[in-house]
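Below, chain A partners chain B and then partners chain C, in two separate complexes.
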Partner chain A sequence: MSLRLRLILLALSALVLVPGFGSVIGHIPGFGSEIPAYGELINRIGPAERQVANMVSAINFDIRGLDTLGEEFMLLAAIAGTVVLLRGQRGTDTADTAIRLPGRPLVPRAEAVTLVCRIFGPLIAVFGLYIVLHATVTPGGGFQGGVILASGTMLIYLGEGYAGWRRSVLSGWLDAMEGGGALVFTLCGLGPMLVGAAFMENLLPLGIYKDMLSGGLILIENLGVALAVTGGFTQLFLEFMEETREPAAGEDTPSE
Partner chain B sequence: MSILLALLLLLAAVTGTGIVLVREPRRQVFAIAVNGLVLTLLFLALQAPDVALSELAVGTVVVPLLFLVAIASVRTSRAGEDA
Partner chain C sequence: MTPIMSALPFCVAAWLFAIGLYGIVTSRNYIHLVGCLGVCQSATYVLLLAVGYRWDSVAPIFYDHPPGTPAVDPVVQALVLTDIVVGATLTALLLVMAIQVQKRRGTLDPEELAPMKEQQAADACKGRVAEPQR
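So, the complex of A and B:
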């Protein structure tokens, strides 16, 4: 298609779309002007019926918990797919060396980097756990805390090198965390059905409003998500980092 | 709309355009991280701290890291073929 033809096509489609686009823009409500009815409803029933202060958690894990369960399995499928695509001999041995461009100098790791990583690694882990545990009280939850925990493990790589990182982050454990987390979430849905309640009905004691242990079933679902996300994202890092290692002798490198 | 919000929206537009205009893949990764940071601040200013936390962790740590690894892997394997 020539440039001229493309421009004509652009002009024609603009002619058709711009009036509709303009009228939609004219009709959207003013920026931050009103709270929709659904938001008001959530703000009312969250504290009253679930003892939850963080409405986002109340929606994600209770009111629309089924959607989150779907997302959970989406994440599981995406990470399983990545692992299947990238799994190979390369990088599985902890002594494997990094591939590098010929002629680029090899800069040794400064002691300061190791020190900073050793100080901040545990702090980030604690912060991640805090975000996970306070899902029903403060912003955050299983997903956010899980990603923070997973990125915290990258500090081990930064500070201790590939071999040390591989020794402390074990692939089998990550698989178990990922699958186990999804299983915990699913059981949270099926469990209430055993006693005749609806799927994912919040039967556990709800606790006290603004207390860390409030929200009942939300807390357990949240732990499941945190496990799955921590395991899943760390597994993702692991599979990607393996690609930066020197291919093992005799291994076929893909031709693309 | 407060001045802070207007400024952050403007910054988001500028850094977003920056990602497109930077043509070198390695620099583009850092442009993505900067855009993620601006979006984090924007979500925070819009009182959506949950989304801000997700954006901070995913947009400025996970995505740039995976891109960097992918770029490193592609470059070095190409260099090996030439040699």
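So, the complex of A and C:
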């Protein structure tokens, strides 16, 4: 399809859609005047019902936990697809170096870089854990904390080099974290059904308001999501880095 | 608050979506196309947060403010949060597909990747030399 044809199609569909867009925008309640009733209701009853200060976590892991379960599996499917498409026969060998352009000099890593990475790697890991653990009281939770934890592992690559990174970040563990996190979340949904409650009903003791361990089942689901996101994102980094690695002799390239 | 000001965030969302869509339609490179998709997706963030915003409200986290303080809509914030995470992994998946397309066909231009052209390329290849079976 030529560029001109594509643009004509776009213009035609815009002609159909733009009046609709304009009408919808005109009928939305003015910006900043009121919020949807559902959110208003959750804000009003949420803290008392769940002993949780962070309403976003309460929605993600409890009130609309079923939706997050679906989203969790989307995450799992996207990462599984990435791994399947990229891995081929490699991904288990850990001793290789990343690919280099021939002729480009190999600059040795400065000791300062290694030092900074060794200092900040654990700090970022602690910060990520802090964000994960305080999901129910302050802004944060498994999604945000998990991404911070996964980013922290990149410092190992920066500080220790490719081989060191592959030795310390094990692919099998990442798979287990990713799948295990989704499993924990699913079991949190199915567990209450064993005692006759509804799917994902929050049966655990809710704890004290503003306490780190408040929210009951929310805490476990949050941990499951943190595991899945950490494992999944680190797995993504690993697979993309693997793509830059020179295949060892006798190793199959990914089948085409 | 003039009507124009109150419609501005929604117009920004529509504009982001429109330029993202334009980029997708005119794209000549899959990496660029994935970037345009990200712009389209940003429109949803702006739209959702604009729908849930209210003047003189706090964030929906009742730690410093007692419960009952007027707060913005937490539902759209939860939506945006999961949207960002899933969007990031889907971008990764699309980029992987771009890598595989580059490996198989040697190009990332959607024009060059039309199915008919693949057939022509395969025919030309067959006529010239029998490709070894993988």
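Rule of thumb we're sticking to: the second predicted complex is superposed on the first by the 213 of 256 C-alpha atoms of A that agree within 3 Å, B and C clash if a C-alpha of one lies under 4 Å from a C-alpha of the other, contacts with A are read in each partner's own complex, and residues count from 1 in each chain.
Everything below uses one rule, namely that a contact is a pair of C-beta atoms (placed from the backbone, for glycine too) under 8 Å apart; a residue touches a chain by one contact, two chains touch by 3 or more.
Bear in mind that the values here come from a model prediction, so they are computed numbers and not experimental data.
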Touching partner for A:Phe240 - first (chain B), second (chain C), both, neither: both
First (chain B), second (chain C), both or neither touched by A:Pro139: both
First, second, both or neither for A:Val147, with chain B first and chain C second: both
Partner chain in contact with A:Ala78 - chain B first, chain C second, else both or neither: second
Chain B versus chain C as contact partner of A:Phe31, first or second or both or neither: both
Touched partner set for A:Ile42, first chain B, second chain C, both or neither: second
First, second, both or neither for A:Asn202, with chain B first and chain C second: neither
Partner chain(s) touched by A:Ile131 [first = chain B, second = chain C, both, neither]: first
Which of chain B and chain C A:Leu3 touches, first, second, both or neither: second
Per-residue touch tally on chain A - higher for chain B or for chain C: C
Common ground on chain A, meaning residues reached by chain C in one complex and by chain B in the other: 31-32, 54, 56, 139, 141, 143-144, 147, 233, 236, 240, 243
For the chain C and chain A complex, residues of the former touching the latter: 1, 3, 5-11, 14, 18, 21-22, 25-26, 50-55, 57, 59-63, 67-68, 71-78, 81-82, 84-86, 88-90, 92-93, 95-97, 99-100, 103-104, 114, 134
List of chain B residues in touch with chain A within their complex: 1, 5, 49-50, 52-54, 57-58, 61-62, 65-66, 69-70, 72-73, 75-77, 79-80, 83
Footprint of chain C on chain A - complex, ascending: 1, 3, 6-7, 9-10, 14, 21, 25-26, 28, 30-36, 38-40, 42-44, 46-48, 53-56, 58-60, 64, 67-68, 71, 74-75, 78-79, 81-82, 85-86, 137-139, 141, 143-144, 147, 210, 229, 232-233, 236, 239-240, 243, 254-256
In the complex, chain A residues that touch chain B: 31-32, 54, 56, 99-102, 131, 139-141, 143-144, 147-148, 150-151, 154, 233, 236-237, 240-241, 243-244, 253
